[in-house]
Structure formats: C-alpha cells, structure tokens
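Labels for the chains are A, B, C and D, by order of writing; each one numbers its residues from 1.
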C-alpha cells in the first residue's frame, strides 16, 4: 500500500518555505484582485496572503471575512436577464453568460485560494469556522451553501483514497486517529496499538490526496468468531487475539468522521461498502459483516414516550427493538445511527443488553447495543426497500422482540384504560 | 519523490475486477436512475454500466449520449422563478433552490459517474470526443461549457502534483511522454533516454492524483552554458553532457499538453513557474531561465502581409522581431506561443536564424526560433504590463531588430510610392 | 510492492557527488593503508580512490590489481602455527588468532572497499573481470575462491528481495531485462511490453538491496490453459491474452541470470520455489507449474553417440526422452538445464517436437523442447531421490518414450551385429 | 526518502504465514541435515524449524544450542594438513580445501539459517543471548568469534541505509526509538514528538534492509544558535523552536546503539560522518558540529585518584578538563565517550558545569558535560594524531583549564609534601 505522505507533492512542500512579506492591500482588495487576476503569475501570492491573514486572524476578523464572502453573491438582476436571454436563444454564448451569472464569485474565489500548496486543508478548516458562525448569523448560511457545493465536487468519491491504518502508519496520522475517535475514546498510544497491531484487528480510512495526513473518516474493525454482544470484551486489555483463519465475522465497532469542515459531505456508506469488499477478498473465510453500534437516542426517546428504560435485560432488548423498528422522526428512523446503517442497506440483526457498560453507554441506552448486518447479496435490495418505502429490515428474532414489546405496550394501554 | 503509481489507490484497482453483467435499462433510464439514487449503494453499479457502455459504443451512439446530456439542461422557467424568489427573500432556503436550479443536471451526473474507480480519465476522454462532435453540432457546445466548468474545478492547481520524469520513471508513464511530445518528436526509447538520463537534462510533468499514469502537461529542460540558438545541436545524438556545476542556464525547449480532453484548462504557466522555482533551489548556479521556442505562425503572417520570408539570416531575424513585437490578432499577439509566454510574464530575449532546420521548422518560420526569458524578479511586472496594457516586453537587441525591420519597411513603402 | 529504487539509500546517492581529487599513493599503498585504517574516517576516501582507479583502468592494470590481491594471501606459516597453538589450548584468544590467520587479507580488503556507496555493484563487476582473467592465469583462481566465498555470504538468500517486474517498473530496470534475457531474446520495448503487460503474463526477479536497479536473476511466466508445446505460439505477436480466471497452468518459459560476476552463487531454485508459492496464492485456480525448456545439448550428445537427430517428430521425442532420462556426465544428467530443474525437485513431464523453431532451437535440439513439472507436494521427495540416488523422475509417458527409444536402439545394435 | 518498511520484501512476509508442523528430528540432527542439504528445496523448512525451536526454547535449551554450535568447530588436524598441502602447492584446489577447513561449520550453519524470511533479526537476538551466556561459559566465546565475524560482513557499512526519523515515521519504528534511547530517556510519545517534530530538531538512524523496522543506531540532533552548555535547557518542554535559517550549530546530544546482538560491530563513526555531510548539504548556514556529551566516568576516576569532585563550577570544569586530556586506561582515554569521539576525529572543545542536572548526570560527573567538536576539515588529521600518536586534541580554552588543574594539583602535592 502506498505511503500516505507520498501523496503530498514533495516539490510543493519545499516551495512553501519561500513565504513572503506583507501586502498593503485590504483583504477585500486582495480578494477582488485575486478574482480579476490571470493565472498563477500574481494570483498565487495574493491567495497566500489571504490565507495567511485568515490563519492569524481573531474570531471577529474571521467572521468579517465571511461577511465579505456573503457579499460576493449572485447578482439576481443579471441572472434574471441571463435566463431570459437564454430562454430566447439557447446558444453557447448565452449559456456561458448564464452559467457565469448563476455562480456567485465566492466559489471562484475559493477555487483560486486553493492554488496555494496546503490550501485545501485550510479551506476545510475555514468551513468549520463558518458553520460555527452561521449558527448565530443566518445570513452566512448562504455562504455555506457554496462551500458545501464546492466540497461535494472536490471530495467526490472518485478522488478519495482508501488506506489501511496500521501500527506501521506514520505517527502524524495515528495521532489524528487518537484525536478523532468519537465512539469509543482511545486513551493512549498503547490503547491505539491494541486496536491496530493484533492480527484480528483492522482500521481503514478515506483520505484526499491534497490532505494526505488528514483522515476524513475511519472505521475500526474486529475480526471475531461469532457475532459479539459487548464492546468492552471486544476491547479488553488482556485479551488473546484470534489466530488468522479462525475468524468468521468482521465487526465494525466504530466509525468516526474527522473533519467538522466536511459536515454534510457523506463518505460513510462508501467506506463500509469498500471495506466489506476488501475484507471479503483478503479473508475469504469471513462471511458475516456486522456492526456493534450504539443506540444513542434510546433513552431520549423513552423519556419522550414517558417510558422508563427497563433494568431487566430481556425487557430492555424488547424496548430497544421496538424503538429501532418503529420510532420515527418524520419518515426516517428516530435513531441517527439506525438511519445511517439502514440507509446503507444494512438490517437490524440483533440487540444486546449490557453491551456497553461505559458511562456514555448507560446514559444513552441503558447499556444496550445493536448489530446491524451487512449482507453483500442484500445490500441493494434492503437499501431500495428502505429508501423507497421506508421499510426497516430486521431479523426475525428482532422482529419478535419488537412484537413482544408492542404487545406488552398494547396490554398496558388496555389496562391503563380500565 | 513519490512514485507516480503510488497515487493510484491500490484497493480501488483490485475492486475493479468485480465487473458485472448487463443491465436491461436504457442508458437514459440508467442516467435518470443514477441522478435519483442515494449514495454509492446502487449508484456505483449504474455509473459503471454507463461508462462501460460508452467505452464500447461507436461514434453514433457516443454522439447520441451527448445529445442526451444536452437535454439535461437548465430549466429556464424554474430558474427564472427561483431568481425572483431569491431577489425577494435572500434566505438560505431560497438560495439553495436557486443554486440547484442554476446547475444543469448533467453536472451532477458527471460527478456521480466519477464515483467509479478510474472514471476520471474516462470522463476526460469523453470530453475529447465531445469537443470533436461539438465542432459539427453546435448544440453540444453548451454541454462542453459544463464539462469545462467541472474540470476547471477538479483540475484546480491545488490538486496537481508536479513530478520529475526520469529514466527511472515507470515505463507506462514514459510511453506517454513519447506519445504526447508535440514540439520535437521523440523517435524511440533511445531518443527518450537521451532527453532524460544525462545530468544536464530535466523533464517535469503535472499529474492529477486520480490519473496517476497520465501526465497532463510536461516540459523538457536542458541545462546549458550560455543561451543556445539551435535545437538540433541541443538534441544532437553524440553530444557530451555538461558536467554538473558548469551550467548557468535552463532552457525550456519543449512544452506539450497531453490531454485533448482538458483543452482550455490551463496548466502551462503554473508549470513553468514551479519548475523555475525548483531548478533555482536545486541548482543555485543557474541564473538564466529561457525557452527555445518555435515561431509557428511567422510564415503564415508573412504571407498575409505579402512578405517573402528572407533567406538572409540577419534579415530573417529582423522580420521575426517585427512580427513578435507588433503583429496582433485583436489585442493579443498574433503568435500563439508568444501569447502564452508573454502572458506568463516572460520577455522576448533573442531571435535565432537556422535554429530549427527540421521540415516543420523551415515550413513554419524559415528555421527561426526565439528565446523567451523568465526573469524571476520581473515576471510579475512583465505580466502586469502585458495583461494590463498589452505591452510586449523585449530585450534591447530584439527591439533594435524590430526597429530595423520597420525602418526598412517604411523605406520600402516609401520607395513603392515613388 | 515497494519500488525498487526506493531500496537505494537516497542520502548515499547525493553524497556521491562529493568526489575528490587524486591521491599520490600507489594502489598497493592505498590498499595497505586501507587495511590498516580504523573506521570510515579516512578509509572511505581510500576505498573510493581504489574503486575509481579500477573503474578507469585498462585491462592490463586491472589484471595487475588482481595479482596484487593474489599476494594478499594466507600466510601458511603463521596459520600452521596458529593451528598448533589452538590444538593445544582452545581458548578464545587462540581461536581469534587462528580465525584471523585463516582469512587472507583480500577478504577484509573487499569488505572495506564495500563501505563506499555503490561499491557492491562495482565489486560484482570486478569479479566478472576476474573470472575472465582467471581462465588464462590460474594463479588468480585462488583470488576468486575468496570473492565467491564473500559473495555467497553477502548474497545470502535471506538478503534477496523478490520483485515483480511489470510494465510499470522503472525504465532503467526494464532496459536490463531486455539486455539480460538469455533464452528467448527480447527484440524491442514493444516485445518487452508483450511479455509484461498482458494479464496472463508475469515476470519476477531477485534483487539485492545494495544494487536496487540490477536484477540478479529473473523468470518469465505465461499463464495458460493446458500445458503448451511451442514457445513461438506462446510469444506470438498478435495473440489474444487469456482472461483472468481461465488459466490453470503457469509456464516458466525463460530463466536468465543477469550478473556474470555472481557466477556460481545460485539463486535459481529459490526463485522458482518462491514464484510457485506466490502464484499459488495470487491465482488459486492454477494447479500446474511447468517449464517450457530448451534441450541445449541434445544434438551435441547425439553427435557423440553418432546418432542423427530424426526428422520425424515422434522419433525425435523418443530420442530426446532417452537423452534426458539416461545420458549422464559423471553422475549428473548430461543436459545442464535438466540438471538444474531435476536438482530443484522437478520431474520430466512431456517432450514436444517442433516446439522451438528458431535458429537456435533447431541447432541445439532439432526444435524439441521439454516441460519440467514442479508439483509442490513432490518437490522435496523428487529432490531427495535425485540428489541422493541420482534417480531421474519422469512421467509415465516420457518413460514410455525413452523405453521405446532404447528398444529400437537395442534392435538396431542387434541388427548391426548380424 | 523511501519508507523504511518498503525495504521489507512484501512477498516474503506473506509467505511467512505458511508455517508448518513439527519435525521429529533432534535439533542437532536438523542442524547436520541443514548443513548437508542442497539449496532451498528442503533447507528452508529445516532452517525455519531450528529458528522456531530456538524462539520457543527456555534458557537451558538455548544454552545447549550454543554448546552444540561450539562443537561445530574447526577441525585442527584437518586444517593443519590443509595448510601443509597448500604450502607445498598453491593450487586452486588446495586453496579451496584450505579455505573450507579454516572455517568452522557453524558459520555456514548461520548462513543457511538466514535463508528464512525474518531470520536476520532472529540471529541478531540469538547473539544477544550468546553474549550473556558467554560471560559465564568461556567456551562459548569461540562461538561468538564466528558470529561477530559473520555480522561484521553482513552489516558492512555498504549495506546500511541512513534514514531520517521524523514524526511521520511509522509508529512501529518510533516505539523502538523510545525503547532504545540510552542517554536521555524519552518518557512518552509527547516527549518523542518534541524531539522529532520541531523544525530545529533532527534524528537519523542506520537500518539494515533485512531488518527494516529495527534501527541499529540513532543520533538525535538539535540545531541551535551558538554552542549550548545544558542538556536540560535543550530539551525543555515549553521552549520556542528556532526558526529555520537562524541556526548556526548542530548539536549531537544523544547517540544510542539499539541492538545488543550487534555489540562490537561499530556504526557510530560512520553515522556521525554521514549526518555531518547531510546537514551541511541541507542547511548550509550550519558551520559548527558539536556534541553535548556526558562524562560518564569522571566521578569513578576521581574516586580512584582520591579527589573529591569540586562543587565550585570553575573548579569542576578544570578537573574535568584534566581528566579528559590526561586520564588514560592503557594508551586510550579513560573515558569511553571521549575514546569514541576522539577516535572519530573530534576534539575536546568546551566543558560545562551544571550541564546535566539529572540524577544520572550528577552521579556520573557532578553535572559536567563536554562538547566534542567535529570540524569537517580537521577530522582526518585529528583522527591520525589520535590513532597514531594517542594525542588528544583540545581547544585552547580546555587546554588552559587542564593546565590550571595540573598546576593546582602540583601545588597541592607540593604542599602535602611539606
């Protein structure tokens, strides 16, 4: 597998030393000049200045920068005219005028900023700021529409590189895995090593070639014999690794997005699909692909429903099954993790009580977890059923649990009435 | 320097084997389904089918595909309405509707096609076909406006990787250098080796990470002592390479674009700028950066002007100087190569007769060639003068030649009158 | 697969530029000073001088260098004394004295020469010269005993790196494959490409990390359906490659040693063993591993035996079978290729007439070729039978052919008598 | 820079999985069979068995293995005869007999064990055991003579690869840097990062291609302005890195050998020489190359001399200067670190009190440290003076300190007399 940092153009890096002095122009003037410049001859310097100023700016100045971007808006009058003209005569020339009028200048500005080496990651961080600001300044939301559109094009699936992360990966990548793990925190380098080095562990991440040391999203996988029902035992410190050839199941026990600035640009389903294909090829004995997933909103939903989460494990499983199969927000499952995996074509396979005994696990779901199952032969049809008809596919046993919960609830309601 | 093919995601490649059977849907239906699909779950297969069909299609079917794309046009009525709505209320929601209406679906289609491994190069080749068809079918020109817009974003300078091409480069890259050299043809692998292996030769190319074995543009450089005036002596078969440390000049003697499908997406000025910086750093003794360039339209212009290209070397140089400094097409230099280098901030430095004695050289310019000089300290100001005022910067000696030519011509006209 | 040239320490290479001036000492004085120097402080420069002088020397001077090495011999008196002392008292001190006395200084000299970057390949080329000289100067043969001993240690199997050679390999490696192919000459880069690029072709080579652009030995493999009986059809220019998944046989159709200076250091059996393992893993459908080998001494032997090689294909196969199964030189097979493969644990599997219709093929064996079969499950036992008892293992059909030939010959002799 | 793990032959690794069952033969029988085997056909399996058994063996069994090796000794009678024969007739044949008789079989055995992938590092660890055993079993010392001879050949300078260690290096290499740092312990990954990531820090290591994740020796370097006199301030946690271009001095503040099994195979002087050359090239502004070294035996010597190490900083420096310039053990400096650097051609440049205030620093030398200076232009002559005449080269100021100490001591002795 190629080395991640090999993707960073080495000649670029060196060039980066030649940083230069201050420019007397205002940032607005620099942006306007950059937009009117031709090619890299003078544009590169201007782009660098703008990015450097942004990097050194305080919150207030950064917000002001986005307000400037908000002004680089679509000219509605010009666009209206261009549409009229084009409707009359669908010529190349008029189409070009239309296309130009339809795109706000801030998009072209972002593309021109990107000509500087290392700019892509800086633009991604810029959007993370923007999303923060936009929460309180709704006029900035329009700016984000353009950032998101641009990033969806730049971070197109076809440009992403799947890399396996191992204990041989560069430390500057691994420290980001530690930092970004969002589901089951990695406490130390020794803990990280336990998740990467044993022969029954895997980790994969997507990278973009222009940000070769920044994972975009990663998934941690355990190869097991049988489908496990507890994350603590999966990650136990003293455990004996399963010898190669013994595993029949791949468990996706953690998926983490790494870049707040890429919020809304979805990579997760590609990642799982790809990793399933890869493990199938590398370890043909593996026949089951499941997650061991949290049920993060179970307790919140129960409170809304005025149900106490039961202590009894069997009871808890039944309630969780009912929640996963029937609780909705609009047309979609109430549970965000369910939404994600069901949307990818997985089915609800099994529910475990006492499966995540960490503070977070107890707080969110009374310790319950769920296996979503990815059956390569059924992913497409499951996905269709879910995306088309909103049907939640589940195993018979989980269906049974949900039915039991509903029956009991019907009986309760009945008895409440009387 | 990282190996080019390391940029190709290895897991992608393997996955590519899993090609699949036929799909009964029409290409149009596939395109519509792809546009309405969610994520990679089913979209990937559809994208692959469409690309495979295109690859196997004959000319007629390919043209029909672009006509289909022409139909995925902007809906002028919907856009007009969206503009009106937005002009009234600049909310996020209305802006989003506007943005969506402003972009024709064929752009999103192209992005979704690109999710398949190896799709980018196929889309680039697709555009090469499109450009061919559009010459005779002007309604396809609008389709190209979108391809070009998309490619300008994807092939943004910030995503390009500069690589040195050497005799250690992979053969599958080198064969493309042989194929694409457009200025001074490379006759054989031995000829290629003479341009790559000696210590006084350099070759650099831009690559895109999604097309790691396809150079986008490359430049061939000779390190020399003094500024050379003949390309044949530069490339002579038996020549002795200059020992390292003796060279004071870097001569860009050939720049070739490789991808017809990326026509109009300009990389050349970035490439020269970058290579100048790189060589400066690697070989600090080098103080001069010049081209040894053809004057491809000299004879064509002379014929328009009803001048015979002079046999006399000094006369030829004077005519060529006048041509380069004064002949215009609109506001721009008549000569396309002059346009390119002057636009990049170079100046006209010296003119040589008998400099390219190949058939093509004699046919185009009577054998004359020109050195454009890149002076790192003056590139920006030259560029400004040229881009702003259309001023052609030239050395004193070339100015003198041009003046002499004009004086003689004035005298001729004078004498013709009498 | 890592890139070959990555194995070359990059810091070494650069350092190499700092070549230095002349040294007034004689080569003999330099050698003696190098032997008495401590560490790299001054030794490096001396080693470089000696190697540079050798590189620039003419034949006569080179031969003189080896005569100098012949003088750096074992001191028989000192060694005899050391043995006596050691026989008396097997102490560490006396053993050390013995070990030092037992090794001629030229071995230490070679090791010290090797401290210079790039020295290993120069020492290997030095031995190629030495072998040439030794043919006419038997006193130099002793020098070669030490070179060979040293190289057997340095080029130990554990230090060799198996690399697949593909059309993506560096051109400076590929040009050596063209140059070194010894069995079926490669006529051009296009010819090379036909042997590397199609999905049913493989090429593997051993490299030593200190000589990363110099293959030591390589094998060319065709993946086929069924066991082929003609090398010309295997290499035919217009042939259609077999689609992946269709092949059931791997044919080793050419094995070439690359380094004359490593003569007698055997890599061939390791290479075949390793490649069999590798292909088994990569393409599990492949069940047969055979060679398609020349029978280089068939005609020579027939002439010794006063037999005319028959024109009739069946007759030719019978004679060839008899030759391969019974003709000996001492205890070993008469045929050198048979010796190699039988010694590696292969068996004689099938014989083909009209299988190599090139000039060389007709000249050596009347066009006959042979398949040796490597059956992974029998390699060890075949090898034991051959190495231990000199038994040539062959398939029944070849045994039948050989028997038929012997019967006919017995009848002929019978009839000659009468 | 190539990635270290790229040096590990990938095909080897995979092959390694195919481990096999038990062999009924005794280890001695396996060793004898391995010595009499031909090539890799059966030898590989035997070698693997022997190494696996060793790896799993307890101390007693391991010691027994070395005793077996002790028996594979030189046959003194046979060697005596071979010497006699060779003295009579210096033919190739007799030389070959001699050469074979002169080498004990355990050397060939080690070479044959090395054919297994990954064997080299196992043999190096084997020798680490051997050195331990040999301390109590002097008969094993002879076995080590052969291991050392073999390793000196295998780990010849020409085969070592210098690699820069950075924060981008693989974690499995970095964890070894943490483990092996012998001079100033690395307490955590954060501490390691502080030594690798800042722009004014460097770390270089030698590797052998057959052990690509095992550094052999490494040196840590700080780029500073001026020559520092305290290691604690050099490594202070909150310090501000020096901007590139400001440094004029490279300080080698720690050199650590990593492989106990390579004791006595010296890499240190090559490493320093190489790193000096590398930094000179990369950072031409750097003119001074110094160490900041411990004086590990200062207190031990002072006790032998019945001197109390003075508290007064100036006094301490004087005593240390006298110690470094005059204290000997035989002909060599008493201090092992001084021995190493002076032998490499450095000079004693400056002495600092209060320079290492760690427990170890106070214990060894009362906190004093020394700068050895590597002046590229004087390394060779310093080395000659030291190696030839035993002359310790020192700066004037240190000479002055030493003189002051001796004068005071002479006065003391004088006064003691009276």
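As a working rule, a residue touches a chain if its C-beta (ideal position, glycine included) is under 8 Å from a C-beta of that chain, and two chains touch if they have at least 3 such contacts.
Treat the numbers as computed from the prediction; the structure is a model and nothing was measured.
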{"item": "Joint neighbours of subunit B and subunit A, given as chain labels", "value": "none"}
{"item": "Given subunit C and subunit D, the chains that contact each of them", "value": "none"}
{"item": "Inter-chain centre distance, subunit A versus subunit C - centres from mean C-alpha coordinates, in Å", "value": "54"}
{"item": "Distance from the mean Cα position of subunit D to that of subunit A, given in whole angstrom", "value": "48"}
{"item": "Residues within subunit C bordering two or more other chains", "value": "3, 6"}
{"item": "Chain contact topology (line, ring, star, complete or other)", "value": "ring"}
{"item": "Pairs of chains satisfying the touch condition", "value": "A-B, A-D, B-C, C-D"}
{"item": "Sites on subunit C touched by subunit B in the complex", "value": "3, 5-6, 17, 167-172, 174, 189, 193, 197, 213, 244"}
{"item": "Touch list for subunit C against partner subunit D, complex", "value": "1-3, 6-12, 14-15, 18, 38-42, 44-45, 73-74, 76-77, 79-80, 83-84, 86-87, 90-92, 95-96, 98-99, 102-103, 111, 114-117, 119-120, 138-139, 141-142, 145-146, 149-150, 152-154, 156-163, 209-210, 266, 269-270, 273-274, 277-278, 281, 343-345, 379-380, 383-384, 387"}
